[in-house]
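The structure's right below; bear with me while I get my questions together.
A, B, C and D label the chains in the order they appear, each numbered from 1.
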Amino acid sequence: MPEYPTALGASSRETITLLGHDLAGDVMGKVGFGELAFWLATQRRPTSGETRVFEAVLAALADHGFTPTAIVTRLTYLSAPDSVQGALAAGLLGGGSRFLGVTEDCGRFLHAHLPADLPTDDAGWDAVALEVVRAQREAQRFVPGLGHHVHKDGDPRTPRLFAIAAEEGLYGPHLSLFAAIGRVHPQVLGKTLPLNGAGVCGAALADLGLPLELLRGFALLARTAGLIGQLAEELRHPVGNDIFLSVDLNNRSVDPDPY
Amino acid sequence: MPEYPTALGASSRETITLLGHDLAGDVMGKVGFGELAFWLATQRRPTSGETRVFEAVLAALADHGFTPTAIVTRLTYLSAPDSVQGALAAGLLGGGSRFLGVTEDCGRFLHAHLPADLPTDDAGWDAVALEVVRAQREAQRFVPGLGHHVHKDGDPRTPRLFAIAAEEGLYGPHLSLFAAIGRVHPQVLGKTLPLNGAGVCGAALADLGLPLELLRGFALLARTAGLIGQLAEELRHPVGNDIFLSVDLNNRSVDPDPY
Amino acid sequence: MPEYPTALGASSRETITLLGHDLAGDVMGKVGFGELAFWLATQRRPTSGETRVFEAVLAALADHGFTPTAIVTRLTYLSAPDSVQGALAAGLLGGGSRFLGVTEDCGRFLHAHLPADLPTDDAGWDAVALEVVRAQREAQRFVPGLGHHVHKDGDPRTPRLFAIAAEEGLYGPHLSLFAAIGRVHPQVLGKTLPLNGAGVCGAALADLGLPLELLRGFALLARTAGLIGQLAEELRHPVGNDIFLSVDLNNRSVDPDPY
Amino acid sequence: MPEYPTALGASSRETITLLGHDLAGDVMGKVGFGELAFWLATQRRPTSGETRVFEAVLAALADHGFTPTAIVTRLTYLSAPDSVQGALAAGLLGGGSRFLGVTEDCGRFLHAHLPADLPTDDAGWDAVALEVVRAQREAQRFVPGLGHHVHKDGDPRTPRLFAIAAEEGLYGPHLSLFAAIGRVHPQVLGKTLPLNGAGVCGAALADLGLPLELLRGFALLARTAGLIGQLAEELRHPVGNDIFLSVDLNNRSVDPDPY
């Protein structure tokens, strides 16, 4: 008979524990939600500084207006208002490689390119970054986290997250390498691109020591809060049907194009 | 040409705003994640007391061990490790009428049974509750939030959430009616059932003035954090394959049973 | 140790069976996909007439152009092209009470209103239908399957499915009651509404003896084929990004509206 | 104003067309469901031989008993019986890289390794296959479609699908290369592995000229029918709660293991 060990939630007739602590007495009313999410993911209670950086990341990623994920949640609710869980799940399914994936891709990329001996000053990081950007260019690959289709002159979230991490003493190697990429890439690429917000979030999460395989998961957690906001607004000021009609009324029948 | 108004995320080349505030300057590093989720759902910034009650609810609902939703997330990750978003979405899809739905059902039920003139003391609430429980019994319907298959002598989350709400001055009519149901139901039903944690969470969320249609959504937000915890544990101490095999190896072929 | 009985797929080192038959020898190459889907759902192999009616229903429901479900699948693929399963699942999540639910609602409604003694002629069915429509009107409820926002003068699928069912000797009580509703409702409602295609599909599926709780499931099966078609077209002639931009570029920032 | 061209479903007040054909008159009652799914995906009506091979593949992939996807659908239905669409979508989300992905991986792999000049006899294919298997072994990569954890002496679906394709004159280069891999791999790997059913399905779908990016989609279509079968059986002979309890009752609380 297999056994299934877990350190997460457990309960007996009298007690409920979470991560080895009494849920009612030690967690409820004492642990904020961001702090709890970090704790659940790492089985280690974060410091207040770690929680602040983590929650800054979640704020940065929670909602970006009418993204595909937001539109999907609103249209799914329009079509199946009986299932709030379905509307949220459908929205989250857009959190893949393209829109929300940059956070994870950037964190993993930076981690994979940290040198064994970490530099101790900007010049050292610049040298590492130069090599990294050159190698990407030679392989004709993008550097994750570099560039933004709207904030072409700079993503306002980026300097802010660098500053918060520095204030909390959590400006580690991933953020250092990312900052250096921001400084040196113009001399390789011949143009200046902004370090985008999704990328700096990945760097900050990696510096917090969160599991790299789940960086996308934190973006999805942030987005869950955003999608609830989208649903709440849709309930009171619906636009889903207008979006549907704006597509459907502009359809144009064409002949089949056999594959 | 339709327009799509929204008060949520918006951005221009230079700025990003969220709920009318500068995201980088006024939200990141200053607003906790629970606070932000409340704000997004109501377009109103909560007080610190409201945030504390809200986060206590999220803590109460985040993870309950090997629930169907947790098992589903682990099995989906086993089967499709390429898609963290799919594993989380699959888990959330279990957040329907039976397991996570009690929170919403209870909040809606209490709201629907609040009298026009709210009582001002326990005796008054008891009278209302007595009528409510009697009507449910006559209609052969359960009272949402009453009873628990494990915590038969009392769910430890319930008194704790009542206490936290009272401390913050947020013990409103929904919690009052729920408490009164706890006091009076034995004289109608002939047995004493516990007020369960999912139910008291619904009452507390309703007293916070959150949209009733989305109470299930907050349970899902809490659970998203819990499911990330499940995935993190699965990554390091996998049990998904053992769960799968424990079912598959105990399958028994039977003859078709024509419908 | 629990055991899990099943009559569906089973395999040993040498064999694979499905519904008690040898999969390779007796199913592959011999059983069509619609036939197999019916068989899986009922554990009973359908006749060729049943298969024809069933497949006609699936054809009727497979794709209706730029529905919310189709838009959702395209947008999810745009956002997360790494996960075809996510794009399909997101689209199916719109198969709820409003858009795809009519099929199930209509089948269940007709079944719930079949009299104990089934009429044997149109006049008899008309009398039953008259009572049913009157009762719905008095309760201020719609009759499922009645009315269509586009095909106001008649949905072309409806007479065709009646005819196919009649040809195959499968025009049973659900279709009979539905047809009678089509004849008598004007004298109760004071206007003539079309019997819509989703509704007649529900009636036909119910007459096939399929499980009422899963009628929505067959609509989802049909739609899965349609959504694969949508994805295939999106791959070659993408419109997802245009849809996204048509919404995002027409967003309008408004002030928060506190709830 | 953008326009959205499509050759799929379209409707006017009087008519409904699908792929340029009159849905009611030309499709319903005349086109089987497998045939329609092929047509929707390729915008080309398949021959009867193509339909037969395609439906044989769908039969091979429809249900394999208590797979993770089947367990997930049953558990999600247990937890949220209000949403059949959620239970099906959750199951499909397991159709990723590991369990259902082999079909797509194998089809793509074979396609990527077809030589410019196709061999005309087995000896020619064996030479190609030898090179392919050697290159995979040197790169320490598996050959998709090779090996099965249960059917170690041969997957009964494989010879059957080869035979059906041959009967229909649809045994093309992908199947030829796959068969050759089956013949030559022992001399490279030093052991004989079976060509598995998921792999041969990918080869056959590729020989049918279906879009490689969507091969996984056809496995998901097949599985949708299977999951409806699982739900139908769960409704009448439920095991979901036993599965849940078999996990929950065998949980074992352990100390947190900080990451």
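Methods note: contacts are C-beta pairs under 8 Å (C-beta built on N, C-alpha and C of every residue); 3 or more make two chains touch, one makes a residue touch a chain.
Keep in mind it's a predicted model, so treat the numbers as computed, not measured.
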Relative to subunit A, which chain's C-alpha centre is the most remote? C
Could you compare the number of C-beta pairs in contact for A-B with that for B-D and name the larger? A-B
Indicate the whole-number Å distance between the mean C-alpha point of subunit B and the mean C-alpha point of subunit D. 37
For subunit B paired with subunit C, centre-to-centre distance based on mean C-alpha positions, whole Å: 32
When centres are defined as mean Cα positions, the distance from subunit A to subunit B in whole Å is 24
Among all residues of subunit B, those touching at least two other chains are 1-2, 4-7, 10, 41-43, 65-66, 80, 82-83, 85-86, 89-90, 93-96, 100, 211, 232, 237, 243, 246-247, 251, 257, 259
Show me the residue ranges of subunit D that touch subunit C in the complex, using the header's touch definition. 2, 4-16, 18, 22-25, 27-29, 31-34, 36-37, 40-43, 52, 54-56, 58-60, 62-66, 70, 83-86, 88-90, 92-96, 100, 150-153, 155-157, 159-161, 163-164, 167, 197, 211, 213-214, 216-218, 220-222, 224-226, 228-233, 235, 237, 239, 242-243, 245-246
So in the complex, which bits of subunit A are touching subunit C? 1, 65-69, 71-72, 75-76, 78-83, 86-87, 89-90, 93-101, 232, 236-237, 240, 243-244, 246-248, 251, 257, 259
Spell out the residues on subunit C that touch subunit B in their complex, using ranges where they run on. 1-7, 10, 17, 19-20, 41-44, 80, 82-83, 85-86, 89, 93, 209-211, 247, 250-259
